[in-house]
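In the two complexes below, chain A is the common chain; its partner is chain B in one and chain C in the other.
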Partner chain A sequence: MAYSEKVIDHYSNPKNVGTLDKANKNVGTGLVGAPECGDVMRLQIEVDEVTGIIKDAKFKTFGCGSAIASSSLATEWLKGKTIDEAVAIDNMDIVEELNLPPVKIHCSVLAEDAIKSAINDYRVKNGLPELVEEKAH
Partner chain B sequence: MDNYFTLFDLPMSLCPDVASVKSQFYKLSKQYHPDRVAQTDEAAKADVLHKAALINDAYKTLSDPDKTMAYVLRMHHLLEDEEKYNLPPDFLMDMMELNESVSDYEDAPEKESLQNQAHQALVAQLDQWNAAIQPLLTAFEQAEDKEPVLLKIKDFYFRKKYLLRIRERLTTFALR
Partner chain C sequence: MELKFPIYLDNNATTPMDPRVLDAMLPYFVEQFGNAASRNHSFGWVAEEAVDYAREQVAKLINCDPKEVIFTSGATEANNLAIKGVFEMYASKGNHIITCTTEHKAVLDTCKHVEKMGGSVTYLQVQPDGLIDLAELEKAITPQTILITIMYGNNEIGVVQPIKEIAAIAKKHGALFFTDGTQAVGKIPVDVMADGIDLMSFSGHKMYGPKGVGVLYVRRKNPRVKVTAQMDGGGHERGMRSGTLNVPGIVGIGKACEICRLEMDAEAVRLSIMRDRLEAALTQIDESYVNGNVQHRLPHVANISFKYVEGEGLLMGFNKQIALSSGSACTSASLEPSYVLKSLGLGDDLAHSSLRFGLGRFTTDMEIDYTIKAITETVLKLREMSPLWEMFKEGIDMDKIEWAHH
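On to the complex of A and B.
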């Protein structure tokens, strides 16, 4: 299967690989896995206390090219967004941007789950209730 | 779904007897060999080919414990294609760390200590997995109602996927 140019670009030059301090209360950490293929993805956001804007995002993914590209793209998109805007990121936006074939859609779902999981971790740390997923994939 | 256990005349099990699986496979393969039907009988030929393919699939499944586990879960409608199954965060954290130790080794392949570290961490996880699955396999054989124990086994089935994936990374890298 051929990867799209954008996937190859993110895969060979992943943006924002790394770790943020998970003990920091402004940092939300999402850790998700795709059991069928054994992929694991960690995505972290750091929210600016004053503005409520995501000022940094990092990821580390062990998985296929599409999973790495999806999470790399997700961190790019997250930076500069408010939490509300970040929640609105849909996996199909990732599919479209990266031109993912149907068999790789689950990689984008994983990235969306990682975003939601990071946001929830941030919310819980800051005394807010967890968001409940209303959309079924 | 064709029942591989019935086909091989074996009781349903998560660890079917290796020797029996093999001998049934040979016996059935001989019995349903394409050469044994008249070349002119198209219907019989198609039938035998279908059966031979089934026998091969059954053998591939029942001779591999991980595949047998998936097959038995599917038989009980407890496993779907591309199922989203959530494993506890602690486990995912362990898998993250294990993957990271493999990456450390990949980044510095000349350091034997890193290779050993990654290898030992994986072996420890696999040992833990094997120790935990044994009582469940016994419980499955004995249980009247298989579903509760199969649901526990399912958790282990998915854990193993992560471990196999990491093992594959290690082996592929070692063979480069």
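On to the complex of A and C.
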């Protein structure tokens, strides 16, 4: 299976690999997937207290090239967005941007789950109710 | 010598054809195109002579009589013919077959088919090193057992089963012994007489011959073995496999067998030195593990797991330069990690993290050097990106995390 150029680019030069301090109140951490399934994503956001804008995002991913690319792309998109805008990121946007083939759609689903999970972690830490899943995967 | 890309290290999947094999085959496409079954003119005689010669070349490699060589379209067909053919032919004796969980799908799925036809199959578990337990094998035998089918060398981990001992157990209990020799024949000495093998399959394209041709060895003496044909037609190959003979393919597998017979011993030494060097270098990487028994193993195969890195992601780091296989789910159509590695008791995480190296006749030292460097660099790079590696370094017990299985 050939990878799209964009997947190769994110894989070769991943954006925002790293770790934020998960003890920080302004940091939300999402850890999704499972080692047995062959992919685990950890996505973190840091929210500006005053503006409510995501000022930093980091990821680490164990998985195939498409999983790495999906999480790398997600961190790029998250930076500069408000929480509400971030919630609106749909996995199909990732599929489209990276030209993921059908067998790799689960990688984009995982990235969307990671975003939502990070946002929820942030919300809970800041005394807000968790978002309710709109759709089940 | 200059390094040429891509480097091919997937010789268990298929081997490049040796140019000497191609040279032997070429006359039999256009000039000598005869049907080996045409008895009344020179075109047929030439083709038949070529097939007879190839049959001798094959027989010499595995130490059998040329009459015991049945040409097929490949090892998959030979496996089907052996298992279904014995099941049908010996139905009055019993209906029980013994195999093991690490066999190739061409054996396992054929056994499943036999179960649907009313057969009973025991799938032996292997030990953590991939070898079967001979005591377990003997215990599994019943008065109904007609066939034991255990592969010679495994395609994923290269583990070589105790063939002679298995054959002796089969003989003692009056069962036939069939072995899938696809990965072993032409790579290590395989002698059907000394080993006591009753039936054996192998394929041209795993031994530097052409695709689309294979062999089923069927013993004619002590005991005389018969299989029920699975293809009806003109009664070719002593009635066991009808269909016009693939003369160029047969000439090719014959030549491939001859080259293997003459060069195999030296080649095995050369490849095992390279393989051991590759393995020693790659196991220098932290948290890397060799899968399968390393004493009883094909000389050109290594299977290594690099923990906390996913196999397909790893391959992507160098798949333009190096052709390799992984046991990761992502590289298979089924989305399940390798069932062979899981049979060894490996967790899914380690199965996902494995690479299979299959060295071959044309592998060079420079290619091994390059591979060591590329893999080491990619593993280290991906670990920097791996949340699991970070957790491991922090001493977090990952078995205690509640993972969201999807």
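Before moving on, here are some points about what is shown:
What we mean here is this: the second predicted complex is superposed on the first by the 134 of 137 C-alpha atoms of A that agree within 3 Å, B and C clash if a C-alpha of one lies under 4 Å from a C-alpha of the other, contacts with A are read in each partner's own complex, and residues count from 1 in each chain.
One rule holds for everything that comes next: a residue touches a chain if its C-beta (ideal position, glycine included) is under 8 Å from a C-beta of that chain, and two chains touch if they have at least 3 such contacts.
Bear in mind that the values here come from a model prediction, so they are computed numbers and not experimental data.
By the document's definition of touching, both partners, chain B and chain C, reach A:E36. In the superposed model, A:V87 makes contact with neither chain B nor chain C. Counted by residues of chain A touched, the larger count belongs to C, out of chain B and chain C. In the superposed pair of complexes, A:P14 makes contact with chain C only, with no contact to chain B. When the two complexes are overlaid on their common chain A, residue A:Y3 makes contact with chain C while staying clear of chain B. In the superposition on chain A, contact of A:F62 is made with both chain B and chain C. When the two structures are aligned on the shared chain, A:I53 is found in touch with neither chain B nor chain C. Chain A residues in contact with chain B (one complex) as well as with chain C (other complex) are 31-33, 35-40, 42, 60, 62, 106, 109, 137.
Against chain B, in their complex, chain A makes its touches with residues 31-33, 35-40, 42, 60, 62, 106, 109, 137.
Residues of chain C that touch chain A in their complex: 308-313, 316-317, 328-330, 335, 337, 347-349, 352, 384-390, 398, 401, 403-406. Contact residues of chain A toward chain C in the complex are 3, 8, 11, 14, 17, 19, 31-42, 60-65, 67-68, 103, 106, 109-110, 113, 137.
Interface of chain B with chain A (complex): residues 82-85, 87, 89, 92-93, 95-96, 99-100, 103, 158, 161-166, 169.
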